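Chains: A, B, C and D, in written order; residue numbering restarts at 1 for each.
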Amino acid sequence: MAALRRQTGGVVTETRLETQALSRDFGALRAVQKIDFKLDAGARHALIGPNGAGKTTFVNLLTGVLTPTQGRVLLGGRDITAKAQAERVKLGIARTFQINRLFRGLSVLENVCIAVAERVGAAASMFYPAGRRTDVIAESMHLLETLRLEDQARHRVSELPYGRQRLVELAIAIGLKPGVLLLDEPAAGVPSAESHIILDALERLPEHIAVLIIEHDMDVVFRFARRVTVMVSGAIFAEGTPKEIEANPEVRAVYLGQAGHG
Amino acid sequence: MDFAADFAGIFLGGLAAGTVLFIVSVGLSVTMGLMGFVNLAHGAFAMFGGYVIVLAMNRAHFGFAAALAVGFVATAALSVLLERLLYRRLYRAGELDQVLFTIGLIFIFIAGITIVVGPEGQTLELPPALGGQLNLGFMQYRTYSIFLIVVGFLIVIGIWLVFERTRIGAQIRATVDNRRMAESLGINVDRLFTITFAFGSGMAAIGGGLGAEFLGLDPQYALKYLVYFLIAVSVGGLGSVVGVYYASLLIGVLDFTLKLYLPKGGTIFIYALTILLLLWRPQGLLGRKET
Amino acid sequence: MSKRLVVAIAALAITASGAMAQEVKVGVVLPYTGIGAELAQQIDRGMEIYLKLHANEIKPYTFKFIKRDSKAPNGAEAKVAVQELLTQDKVDALAGFVYSPDAIASAPLIAAGKKLAVIMNAGTAFITNLAPEFVRTSFTMWQSGYTMGVAAAKDLHAKTAVVAYTDYPPGKDSLEAFKTAFEANGGKVIDTIPAGGPGAVPDFTPFFQRAKDEHPDVLYIFVPAGDHATAAAKTYAALGMRAAGIKLIGPGDITQDIKLQGMGAAAVGLITMHHYNADLNNPENKRFVAAWKKAYGADSTPDFMAVGGYDGMAAIAHAVKATKGKMDGAEAVKSLEGWKFNSPQGPIMIDPQTRDIVMNEYLDEVVLGPDKKLHQKVIGQTDHVKDECKELGIGRCAAKK
Amino acid sequence: MNVAASPARPAVATPLDHPAARVLIGRHRLRWWETLPWLAAVGLYFAFPAYLGFGTELLVAILFALALDLALGYAGIITLGHAAFFGTGAYTVGLLAFWGIWTEPISSLVLAGVAAGVVGLLSGLVLLRTRGLTLLMLTICTMALLEQAANMAHDYTGGFDGLPSLPIAPVFGVFEFSPLYDNTQYVYALIVLLICFLLVRTLVYSPFGQSLTGIRENLLRMHAVGSPVRRRLVICYTISAALAGIAGGLWAQTNAYVNLSTFDLDRAATVLIVLILGGYGRLYGAFVGAVAYLALEHFLARIYPTAWQLGLGLLLVLIALFARNGILGLGEALWRRYGGKRAAS
């Protein structure tokens, strides 16, 4: 692995995910323009910006849902721009969605099992009962325990309160054992009474995973992120530590000023 | 007959055939696009309306226009009743439950018409003014075909104006676009559904009456043309009135031309055309692209 | 509409004669629902009218009909129905069969069940070869098509013809029959146009436009009776083809009596060849039509379907008497070979070789009567028409001995 | 039942002892009540020998619905064109037998399955890029094209009239198909159904089947967990097509004829209704739906041959309105409400 190394505040870190001049147009609209971005191993990086800034488009470019108009995506130094979504998942990029995308009719445990089975390569086997893959089931169950979802493991996802459903969304992504985890507003829509369970879960994420989180809730951002990138109108507007960003008057003007009380 | 007249003849014939398809299908496109409801019973409403129109003319001796109006109103009224009582319960059900329900409804319509009116086909006697040939200056053509083309054009203009220029049209467009958003903007989506459904069914009734000259009218009508209506809707794009119009005319003209020059191909053309058009544009000619 | 499963025709059992009434069970397989429902009704009524008019002759036997719906014309339902009629209900004879696939699918069962099976409509020529128990009292497409081919050349003096047909076996048979005879008599078929299928009514305009551009003397069409035929006649009129000097001709299927009035003025001048129309001027037919109108209303009329049922019922009644009610299959068939009957359509006979009907064909022209209704006027007649398909041994009609 | 213990934490009870895990581990095991349909089928053979013709039709319908269930119920491929494969199988058997090329029934059935599978694979590769109404229309049109092709090739296929009186060799050279009494056909069809059922059952409880369910429940999420969705769908569609082809072949053999109706929309729509009525995505929905629909149709038509559709229509409407997911769905809801005490969780 020809990993890129660079110096950040005296610590040697490894860049997991990188984009170079990444752009995407929708007709005449340039939703993402020439973004150069780096996500380090073990990062806790937040991506913020006003609605329509192109954050979700950016995530879709990273995961391969959309193909870029220009630019490259590199994972561990390797160009993955041409890779399909499923291949990128195999290479270790997992994500959650802003709006839940769950297997609503299935139990919580099954939701996780599907992801785990896919990761360990069990999912293609046709003539062997899924119930005999106890390794898959045990790992999934264990994961639910770490997220404190074991009591709901039997329930259908559609019967859970929304906060717990967000947690299942997270569990599926973690079940893929990613090196890079992209979280699209993990606490969106969760009532404030429940939001602590999401935050708790985020804080217990394995340390080595590089996490990029899109979030509106500044409490979450400042509590969780060690680095923040501000996106405005499809371009990077500012980047720095949470303190630097909070202190940046321009950022306050375009963004925090309008949404900073939350 | 010279080439230009030949060409015009083909074109007019195709347009007339396409117009019939359009008039029946347009309601289906709007209701399916707006409500996401798989209403396979749409053809049954067309059939019901056609029967009302034919019976009004043959038994109650209504004029053609009056009978069309009666057919529209009766069918719209029936559809409101069914929408309020039954359809409404299934808006949130899966599409397969909707399929089951609407096919059941088709069976009931077929059996009902067979029991009440009889299994025999009905014939619609056109007013004399619409029979025969019309002199277009450079050629003679079937008057009724010309009439249909004009009526279809007026209908599409009318619906387009309603969609683009009225409040309710704007509401419908907004709801087709994003239902949740529309609801949060305070649009009364339930009421909108009822109105659109009634209108769509009424249009189907008109189509059933106007199309009877070409398609006939018997209890199996509800099933035997269903595929054609669905083809028009899917090729045109769900929820797009103009799309359905273009699709109907395109299919009408191409099918007509191919049948004229290659009659041995039978009905293959319409299916092959549909496959090609849908593979080319899976969301339909004017449908919105899914992201 | 309310037909019961079992209609016991017992009105005739009362009159004295001493003999015990013996019940004969007839399984009737007809499409009581779906696109053929109207045809089923005609046949059903034709059978009943026969029993009404001949109550005295059929004594001491009574008939019990067990009616089964053959639904869509795919053979599957008919086959199960025939099987159950033979094995559960133990019927003495089978009758009906509107669609050829129904008869074809049932053929192996009928051959195994060894009971008389009277075909009252299905017109694909080779069917009677499939089981020795089949007897047909209706027609084959060849009888009208072939005769029309001869008449078009000889009586109508046509030199060229275009054929437009609905693309399914009766249409193809009719085309083949017409073409064979027309060309054998000096005519020339310049184009054959398949014009849609039997299900949905197509728009006939492109097909007829093509025919019009080819300027034949006659346009021979075969389309199913009803909506198809009406649409075809209207398209013919709307395209101004008569003014262009093209005569519209066809088998009498297209001027089926129950559909005739619905075709409107467009039908006037249409020339067809058929074995029956309700206006036929003979005493048997007058009695038949009068009884029909009395039973089913003055507006209703029998058509060739009804006559197929009527003659079929007559055949069954004959077989019952000939076998003294035993209705052994082979004996029943034997009693009908060469059987002659004076039908509303004129004298008929069952061909002893093919078990197909031999009958007269009438050349009819549609005219507007003084009562402002459409009628069919006989303008020519061909006697004792056999099924030419089997006579000539064409395709699958070639007799397998 | 031992697990490689997770190193992170000393398990008090292993994760596999959790009730949710136990459900998944035991799900593929046979239940006692799963023998009931088969016992009923055997019972019918002895109790109502006169109904075996209808019974055979029923078995074929169940097999066809089961094939559809794999694609529609499990993978969520909404199709109204499955008769394309039924017809392909039926014509494979029919053409081989009618033209005297091959009449041995078991190998003919295998060929029917292969032919239909190939058609399924080829059409699946093209069509399964689309979804929803578009896919539905594409499946209908593909089926209609095949039907038209069969009609146009009438010199070989007999067109609308079909191929009559197919000679089918005795099974194993011993058991002959009698046209009048369907005893042999019934047993033969039952055994074919059983074998196909076991195959489908194995598939749906495998991880592959689980991933199909995932595709049905949320396609986008399946992409996001790295599943090769298209490939899975095509494989599933191909297997489903092959099974439908076997059903079609079986139909041709037991009826000893084949015609265009094997390709028509009526057949495709009926099997869809049967499946929805019974309950899709639950294996036995095909059985319940086929019995309910066909038996009702059959006997209503006998009692009231002119308007049986009314009763059938009412049934469909009522089930759609009051039961989610068909008769089995209704049964499950009632069971949850009144019968089954929920296991403690």
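Here is the rule we use: a contact is a pair of C-beta atoms (placed from the backbone, for glycine too) under 8 Å apart; a residue touches a chain by one contact, two chains touch by 3 or more.
Since this is a predicted model, take the numbers as computed values, not measurements.
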Based on mean C-alpha positions, I'd like to know which chain lies farthest from chain A. C
Look at the interfaces A-D and B-D and say which one is made up of more C-beta pairs in contact. A-D
Measure off the straight-line distance from the CA centroid of chain C to the CA centroid of chain D, and report it in whole Å. 39
Between chain B and chain D, what distance separates the C-alpha centroids? Give it in angstrom. 33
Euclidean distance of C-alpha centroids - chain B vs chain C, Å: 36
List, in ascending order, every residue of chain B touching at least 2 other chains. 114-115, 264, 266-267
Give the residues of chain C touching no fewer than two other chains, as numbers and ranges. 1, 33, 37, 167, 197
Got the chain A residues that touch at least 2 other chains? none
All pairs of touching chains? A-D, B-C, B-D, C-D
Footprint of chain C on chain D - complex, ascending: 50-51, 53-54, 57, 151, 154, 159-162, 164-165, 178-182, 255-257, 259-261, 264, 266, 298, 301-309
Residues of chain D defined as touching chain B within the complex: 72, 78, 126, 129-130, 133-134, 136-138, 140-142, 144-145, 148-149, 151-152, 265, 269, 272-273, 276-277, 280, 306-310, 312-321, 324-326
Hey, which residues of chain B end up touching chain D in the complex? 32, 38, 86, 89-90, 93-101, 103-112, 114-115, 227, 230-231, 233-235, 238, 264, 266-268, 271-272, 274-275, 278-279, 282-284
Could you please specify the touching residues of chain A with respect to chain D in the complex? 63, 65, 85-90, 94-95, 97, 101-110, 113-115, 117-119, 122-139, 141-142, 145-146, 150-151, 153-155, 172, 175-176
Listed in rising order, the residues of chain C that touch chain B in the complex are 1, 33-35, 37-38, 41, 167, 193-197, 199-203, 205-207, 209-210, 213, 226-228, 230-231, 234, 237-240, 258-259, 262-264
